[in-house]
Structure formats: structure tokens, C-alpha cells
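One chain, chain A, links the two complexes that follow: it is found with chain B in the first and with chain C in the second.
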Partner chain A sequence: MDFFDALHVSSSGLSAQRLRMNLISANLANMNTTRTKAGGPYRRKDPVFAALAPSRSQSHEASFREMLGNRQKEHLKEVAVVGIVEDSRPPIKKYDPMHPDADGNGYVAMPNINLMEEMVNMISATRSYEASVTAIKSAKDMALKALEIGQ
Partner chain B sequence: MNEVTFTKGLESLNGNGPDIAARTKKAQNPESFGNMLARSLNDVNQLKLEAGEAVENLAAGKQKDIHATMIALEKADVAFQLLMQVRNKIISAYETVMRTQV
Partner chain C sequence: MPTQSIFDETIATLQKTLNAGSLRHKVLTSNIANIDTPNYKAFEVVMEDALKRNNRSAGPIELVRTRPRHLSGRHSSSSPLKIKAADSQALNLRADGNTVDLDRTMGKLAENTIMYRSAAQIIKKKFQGLKNAIQGGSK
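Moving on, here comes the complex of A and B:
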């Protein structure tokens, strides 16, 4: 558990929130998309995060110190994106007979994306990203404070 | 009882105590300070090279994460600051020795 581990854990958080932001952007951009490759309207996507222990090098003959470090690191979980799930909410039926994707009754299946929900998610992603950046800054400041002991 | 500990203490001060003898024997082939410093310099340089590579990758579009590059830079920066502190300590020790009155 050295200084760099804090940076690595925060870095995984930054990556996760960046991906979440990308998905929110995709959801917002496709608010009115009625055609997808899989057929039907666009469905909003959400990331699934999991806490995973950071990958560590399995050395052939770990010393006691390394083993102790590894055991301590088991509690140090990085966040990992384990999947992206599609929202299961049914599409909204909108009456628009002139639309090329309208069905026989004149209804078009539109993506069930709530603008407010996406905006709130976006604020949450931005704030989480900022929190990780602040954690990195604090870890760095702590290391630099330790260096001030010698002055 | 007190006297015994006192003489024991004296022995260890003179370097004749058994524990001291064992310790000096054990530390007969220690890593020299110069070696350790060179190794640390190498480590810091390695981090600096990694940071340079990260910046290059970002500029070339290989690395998409800005924060990964920034973290590599920060790592190199903090390691370098630590190196500078060690250097300052060495130089101040040297200067203290050089100020010895003769």
C-alpha cells in the first residue's frame, strides 16, 4: 500500500466515471433515435460497476513483505466496468403517422429516455469524477507534505 | 546487577559486545549508499520515461485517458521531488562536514 496505490485506485474511478459520462452522452444524443441495428428504437444504456482487487504480479517466490502487502491490498478495491446493460423499460408510443417508422396504427416507438434523469446522472458522474480528482490531489499533497519534513 | 548492565553497555559502546559483533558480521556486505542512490535515481528516471511515453501516447492518440497521462506525470513529479529532498539532505550533510574547523 504505497502512495501510488491511491493514485491507481482513483484512476480506475476516473476511468469508470468517464465511461459513464460517455454512455450518458450517447443516451442524450439518441433521445429521438428510432432505428438501431438490433431493430426498434434506441434503448438507454447504463454501466455496471464492480469492486475488484487490483491486478497484482504473481511473482514465483513472494517474500513475506510482498505477501503481507498483497494481503493488505485485498482490501483496496478498484472499480471496474463489468458490463453495460440496456434499460428494460418499454419504448414510448408516440402518435405520428407521417413518420417513416410508424406502425400500421400510426404509432412510432420512441426511446424511453427521460431528459431530467440523464441530466441528474450527468451531474452525478461529473461530481464523482471531481471527487476522484480531489482524492488524487489530496494523496499527492500528503506525499508532498511528507517531503516537507526534511526542510 | 546494575553494574553488569553498565559494563555490558560499555562493551557494546566499544563494539566488543556480542550483539554488536553479530550485527557487524551480518552487515559485512551491505549495499553501499552509492549503489542505493544510483538505484533510486534509476527508478525516478524510469517514472520520468513512463511519463514521457504517456504524453507521447496521448499526443499520438494511442492513449485516450487524459487522467492516466496526468497521473503518470504526477507520479514522476512526486518521485523527482523526493529525489531532490534526498539530494538536498546529502548536500547539506556534505556542507556541514566541510565547515569543520581545522
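Moving on, here comes the complex of A and C:
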């Protein structure tokens, strides 16, 4: 069913953008975090998105019609979060000899997080989420309009 | 005139679809209600496959049983719907062990609503057709 494929793909987009939003919030919240479990300051995190074919049963029992349908939907891709990577940019050295985590020269390693960059990412995530919501709404409207044909 | 030809399999099959839809709705709403419950594992209803299997065994092809211990081949119709813990393929950031994905659940809820309305509409049309036949198409 094509309407439902559209719904599934858009839902995966919503889920991915929500996770991205969570990571941006974590980055913003930890802008000044100097201690982490792994040691050193917090490093900003980014999600890695990948386009995957929607999960459907690929059993050998699939009928010819189903297999044809699967072949036709080859280009239909859901978005999946395949991992979360840490930013490789080195921490910023800030001179603050009174800080408990300062090194011998009085420098503290602070997370390399750019506030502007995070805000732009946040707006981008919000807009992408809204776009997916609109896509879901219109797929739903189309399906419900199709139901009105017989009335 | 046998009643089977009036009330054929359409209504029985659609009844199963409606039952499955209402069960699925219950499970989805329970998942949404438990969005903040620690260690809650999301459930899902497996129904399409079960319905398919049920329909196939109700068709003309039946397994021949030559020994009493042979399996009947007919799927037990007592409960074609199974509720099982959903296997979450999505990456989860939550630390509380909860596996509910709100966005995907809302998508499934929308899908379920459309499926339910479709089935309800077809059943309505079926009865309308019967009524029309009873009234001799006079109205």
C-alpha cells in the first residue's frame, strides 16, 4: 500500500530528526562541561543518517506480486540513524588558572562547541521535522480522500 | 436460498480486519501512554501475516490427513492476532530502558485509523448493497 509506505518513510524521518534534536540539546547543555567519563572535556556529537530500504518481510514465501512490488519500491528509502560520531575538532584551550581542571600552565580544555552552529542545526532539525509532519498529513489526507470516492 | 451466498466471506473477513484494527489501536495507545514508564518495552500486534495464513487455509486447498496424528494444516482460528514485544531497530538514546518511539507509533496510529476506516466503509457498502437488493432497488 503506497499510502502506508509514505507514512512509514515520513515516520522514520520524524524519528531521526527527533534524535538529532536530542543530540543538539546535549551539545548545547554541555557547552562548558570539562569532565566526562572518557576523560577530558565533552565532545560535540553528531548523528549519522543512512538511507535504508523499508523493513519488510523478505521470506522466500513472498508471492510474485509482493516481489514485483518490492522491486518497484527499490527507490523508496527510509532514513535510519546508523551511529553517533564525536566531533574530531580539538578542545579549546582557555586560560583560567582558578579552574579545578586547569593544567600546569593554567589552561583548561573546554568543549569545542560553536553556539551559532548548534542553533543553525537546531532550526534545520525543526524545519525537517515540520516537513515530515506535513508529508504525513498530506499522505493521510490523500488516503482519507480516497475513501470518499465511493460515497 | 442459502444464507452463505448473501452473507459471504466478505463480512466475516472484514470483521477480522476490524477486530485486528481495534486491538492494534489499543496496543498503540498503551505504548503511547507508557512513553515515560521506565523499562517499558513497546508491543506490537502481528496481524497481516496471521490473517493471510487464515485466509489461505480457509480456501479450497486443504491438507489431506492420512494419519490421525497429522497436523490439520488449518490454523487455529482461536487467536490469529499475536501481541509481541516490538523489535526496535532504531537507535535509542534513552537511558531508562523504554523502547517506545513516539514518532513511529504516531505514524502507525495514522495507518491503523485509515485501515479501520477503509474496512468499515467497505462493510457499510456491503450492507447498503444488500438493503438495495431487499428493496428491489426502489430507493
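Points worth noting:
We take it that the second predicted complex is superposed on the first by the 149 of 151 C-alpha atoms of A that agree within 3 Å, B and C clash if a C-alpha of one lies under 4 Å from a C-alpha of the other, contacts with A are read in each partner's own complex, and residues count from 1 in each chain.
In this text, a residue touches a chain if its C-beta (ideal position, glycine included) is under 8 Å from a C-beta of that chain, and two chains touch if they have at least 3 such contacts.
Since the structure is predicted, the reported quantities are computational estimates derived from the model, not experimental observations.
In the model built by aligning both structures on chain A, chain B clashes with chain C.
By the touch criterion stated above, A:Phe3 is placed in contact with chain B and with chain C alike. Within the superposed three-chain model, A:Ser12 lies in touch with chain C and out of touch with chain B [touch as defined at top]. Taking chain A as the reference chain, the count of touched residues is higher for C when chain B and chain C are set side by side.
By the touch criterion defined above, A:Ile136 reaches both chain B and chain C. By the touch criterion defined above, A:Gly150 reaches both chain B and chain C.
Once chain A of one complex is fitted onto chain A of the other, the partner contacts of A:Asn22 are limited to chain C, with no touch recorded for chain B. In the superposition on chain A, A:Ala80 contacts chain C only, with no contact to chain B. Where the contact sets of chain A with chain B and with chain C meet, they give residues 3-4, 7-8, 10-11, 14-15, 18, 136, 140, 143-144, 147, 150. Contacts from chain B toward chain A in the complex involve residues 65, 67-68, 71, 74-75, 78, 81-82, 85, 88-89. For chain A in complex with chain B, the residues that touch the partner chain are 3-4, 7-8, 10-11, 14-15, 18, 133, 136, 140, 143-144, 147, 150-151. Within the complex formed with chain C, the residues of chain A that make contact are 3-4, 7-8, 10-12, 14-15, 18-19, 22-23, 55, 57, 80-84, 136, 140, 143-144, 147, 150. On chain C, the positions that touch chain A within their shared complex are 49, 89-91, 93, 101-104, 106-108, 110-111, 114, 117-118, 121, 125.
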